[in-house]
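Here the chain labels run A, B, C, D and E in written order, and each chain numbers its own residues starting at 1.
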Amino acid sequence: MDILTLVGLVAGVLIVVLAMLANASLLTFLNLPGLAIVLGGTFAVTLIKFRLSSVTGAFRLAFAAAFTDRVPSPTALIREVGALAMVVRKEGILGLESHQTDNGFLQKAINLCVDGHPPELVEEALVQESRQIEERYEVAERVFRGIGESAPAIGMLGTLVGLVQMLNTLDDPSSIGPAMAIALLTTLYGAFLAQLIALPLADKLQLKAEDEGRNHLLIITSMRNIMRGENPRVMTELLSSFVTPDQRLGLAPEREA
Amino acid sequence: MDILTLVGLVAGVLIVVLAMLANASLLTFLNLPGLAIVLGGTFAVTLIKFRLSSVTGAFRLAFAAAFTDRVPSPTALIREVGALAMVVRKEGILGLESHQTDNGFLQKAINLCVDGHPPELVEEALVQESRQIEERYEVAERVFRGIGESAPAIGMLGTLVGLVQMLNTLDDPSSIGPAMAIALLTTLYGAFLAQLIALPLADKLQLKAEDEGRNHLLIITSMRNIMRGENPRVMTELLSSFVTPDQRLGLAPEREA
Amino acid sequence: MDILTLVGLVAGVLIVVLAMLANASLLTFLNLPGLAIVLGGTFAVTLIKFRLSSVTGAFRLAFAAAFTDRVPSPTALIREVGALAMVVRKEGILGLESHQTDNGFLQKAINLCVDGHPPELVEEALVQESRQIEERYEVAERVFRGIGESAPAIGMLGTLVGLVQMLNTLDDPSSIGPAMAIALLTTLYGAFLAQLIALPLADKLQLKAEDEGRNHLLIITSMRNIMRGENPRVMTELLSSFVTPDQRLGLAPEREA
Amino acid sequence: MDILTLVGLVAGVLIVVLAMLANASLLTFLNLPGLAIVLGGTFAVTLIKFRLSSVTGAFRLAFAAAFTDRVPSPTALIREVGALAMVVRKEGILGLESHQTDNGFLQKAINLCVDGHPPELVEEALVQESRQIEERYEVAERVFRGIGESAPAIGMLGTLVGLVQMLNTLDDPSSIGPAMAIALLTTLYGAFLAQLIALPLADKLQLKAEDEGRNHLLIITSMRNIMRGENPRVMTELLSSFVTPDQRLGLAPEREA
Amino acid sequence: MDILTLVGLVAGVLIVVLAMLANASLLTFLNLPGLAIVLGGTFAVTLIKFRLSSVTGAFRLAFAAAFTDRVPSPTALIREVGALAMVVRKEGILGLESHQTDNGFLQKAINLCVDGHPPELVEEALVQESRQIEERYEVAERVFRGIGESAPAIGMLGTLVGLVQMLNTLDDPSSIGPAMAIALLTTLYGAFLAQLIALPLADKLQLKAEDEGRNHLLIITSMRNIMRGENPRVMTELLSSFVTPDQRLGLAPEREA
């Protein structure tokens, strides 16, 4: 699923760049001072609005959202914890010790169980971990929404600066067009940054936070049942409320196991 | 009722197209690169913001909303479940077995009853089904609102690109007009897509979600009463709170039945 | 009070029309295709967004709000129900039979009482009636807000269409001015429709819904007391919390009665 | 404190007027038809949106907020009710009879006490009075926010009218500038009215409503304690939670008294 | 952390100033009357909207946020109160007497403890102090948001004034450019003030209010435990829920102490 984030980012940028190349060279659209105003100004404003650690964390999360595929489908998760429940049924909690999983949150849950902590403490630790992951997504979303708000405003500021410069040197009529083109570029950069990158990423991070939150709840619910020694089939039945009816069909063989 | 969605879509598009044809050929308004920027850019942004399955689901739901008439009037529904209650009174629950209905949700409710599941389980399954249908409508509404927000912004971006290109080639004064016209087309496309299609459809999907939700509640309430063997007339009386006083008159013969 | 709605509508339209006539003939401002785009486009979009019955109901309510004066002052209502309470004290509930009133809701309440329904049923029926009237106002308000949002957007779309047409025919410089004037007309129509008609009417309908709701509550409260055979003076005292202290003075003679 | 509202209003208007005079005569900025459109149109729209009594009440309240200084500081109030409590301690409730105060709400509270009404009734009457004052502020705030929304929109409408008139008479190039200047004036009037007068006054009325509400609560709390015969010093201590620590220092001598 | 606020402010201003200097002298961008309109008008509006004390308080807080680094990290705070708990364990509450700290709120908490006030009173006083600090931040945030809303509007007003002046003196074509440049300057000033200074500072103050609030809660929680004579290690464990897992590692040596 996450590959689409990258595809969307690349496609959006490519489409606009191709449109630029249609009737002019790309150099026409490159104005380093303008780029410096929009990127630098937006970064300066973001530094005032947020902590530096929030900003770097936001970019790390967005990068991860674009290039890696970390949110597993609930169906796969239900099958995995179903298998874990079978193991615990046969070999006891310590049977989980050898289980390795890509899912960091599930791995943490397993480790806490194997370490022999009491169930309430395991659950509390997982709930707190989940809340902190959620908070990190929320801060990242706010950072990108902040960028999406500031970038067009700073771009407009740059265009105003360019217009004032141009209007003071109207002597040479032939320079009006190109000068105004350069003035417009900062507005273009700001809109580009906000509409094709920052705002969509903010929406994506919000969506991922919802997905992760639902998976965390699923894992916490299942670990509670596993530690109670619940019947694996009953647990899978119970967890099926996390998925749509269509996805539930995919769980059927598991249930009959 | 739903035919009006289609009528509205066609009428809105037609009116604007006629206005275009009034003083110019339609070709004046066709600019394939511009169309590619707006449609492609909006699609790219939508891919980042939502899951692909959400997007395709949104279009399926919107298509269904425009071309089919699936939300039955509460009055018709009350009459239908009244008839069902009569059947159950005379022949017992199994009498429903032969009943066929166009309403998928009601059919599902009947099947669950006939299968002999306990009433609480039937109700819970229907409530969950209703919630998932509602959620699907909500995601579809968010997708169209997202398109309605992005399309004008991308259109504006395309116009900025066109303006910069035009301003760099002011040498030939006769080309200024047509070049600026082409630059404006992407803004036109974006506004067209958002105002005549995406945003109205988002509103319509919201309205349909409300209608479907009310019908689902009506069906769930009536199935609960039917399974309890409630008197059909009492049940119809009770369900009449789902309709306006005017519509209630249409139920009168049924009540006296 | 309601006459002011009409006065406001007429005055707003008149002021702008006089401004148009100041330096040009009214024909300058009449462009039938432009009018067709804005009215037709807005209507098409409204058809997609709402049910046809909601739209016609909204116009009926707005017409009633502009041309009739249906919301009675709470003071007058308190006096009227005070008189009713006196009648019931002297002649019993059936003494209300001959009472005629312009207030539809109060008339309905009286009829329900005279018909001998039990008090709880009368109250429930009135509450439901009140809620449905409120809902009708709310839908009407949403329709006019929808028009107030769509009309300027469709007007802007029409102006874009006109600008593109004009820019493609720059050959004759003398036609630029009038062509651009015509292009601007649709924006003018959209702003006119939204700002002077649709949005103020939406606000007025919201205000009327609040007024009617308060009056309904007053009537429901008083009918409950009348059916209980409460002392008219005590009841008037109790109802006085529905009015401001100034208005309460107007009730004083009634209290001493 | 309230003198600043007047200072702000006068200063804002003066600054803009001085800017107008800098390079042109004030007559350049005076256009009676334009002024009529903006003021008349905004008034017409306001008549539709609100009741006439709400509008006049809003202007009365705003005038009072600008020219009088009626909200006393909580510190002064605490001192005043502390003195009242001392009087009651020594001479009983009737000792308040001769107390005169500028504060209308406090005077009303004293009168109610002296009249010998039971404490609950006094409190209820004061609470209702306070709620109605608050509501009056709220309506006034809504009126000014409504003006602040409508005025720029009507101004824009006037500019569109002026532009269309100008574009139809492009024959005389020398008239274009002044005609466009006049067209822009209505936008200027609308922005002026909204940004320098209506919206700031709406904010001020909101602030005053909060201040008055807090003072009313303070008076109600203190009257309850006075009627209970509470120790004045204990009461002052209790009321000190209404003020900031800095202001509390000003109460100290009173406490030691 | 707070140094970044200053860096952001300086960097943002510097970037835009450098962009101004790129193609013109800074004098081109200096227009004293324009500056007077924007600064004076915004200040006038702010005087109407807020109390003078709120405005000066807002600037004091913003200055402190930009030039000092007053919000300590929760980790440092946990270590500090851990040390305090050790002291109390060994020497009793009075052992705190000699403890000096930069943190005003913690110092106040210590003083209250040492003064021998009962624990409930200490806690109540601290909660009230915390609420008043929070309120002061909130008012300051509202002041800067108000400036961020008014400044661009006043700037736009100044530009309209300039445009009307320019349009009335079109006789000299060579003066059009510079006159329009000057007209645009007020919009530029308004956007600059809002986007690079007022709005980011409002966001920063909101962030600081959240940070301070969390620290206050941490201090209140720890003082409650210290006065109860709680085990320092248990208390540190309990407070660790205020920090992220990464920060918790930094607490480990303390725990083992």
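As a working rule, contacts are C-beta pairs under 8 Å (C-beta built on N, C-alpha and C of every residue); 3 or more make two chains touch, one makes a residue touch a chain.
Since the structure is predicted, the reported quantities are computational estimates derived from the model, not experimental observations.
Colleague: When you check each chain against subunit B and subunit D, which touch both of them?
Modeller: The shared contacts of subunit B and subunit D, listed by label, come to C.
Colleague: So what angle, to the nearest 5 degrees, turns subunit D so that its CA atoms land on those of subunit E?
Modeller: Rotating subunit D by 70 degrees superposes it on subunit E.
Colleague: As a quick test, compute the distance in whole Å between the mean CA positions of subunit A and subunit D.
Modeller: Each chain's C-alpha centroid was found; their separation is 46 Å.
Colleague: Just the number, please: Cα centre separation of subunit C and subunit D in whole Å.
Modeller: So the centre of subunit C lies 29 Å away from the centre of subunit D.
Colleague: Mark out which residues of subunit A touch at least two other chains, giving numbers and ranges.
Modeller: In subunit A, no residue touches two or more other chains.
Colleague: Report the residues of subunit D in contact with subunit E in the complex, numbered from low to high.
Modeller: Touch residues, subunit D against subunit E: 1, 4-5, 7-9, 11-12, 15-16, 18-20, 22-24, 28-29, 174, 176-178, 180-181, 184-185, 187-188, 191-192, 194-196, 200-201, 203-204, 207, 241, 244-245.
Colleague: Using the touch definition up top, name the residues of subunit E that touch subunit D in the complex.
Modeller: Contacts found on subunit E: 33-34, 36-37, 40-41, 43-52, 128-129, 132, 146, 150, 153-154, 156-158, 160-161, 163-170.
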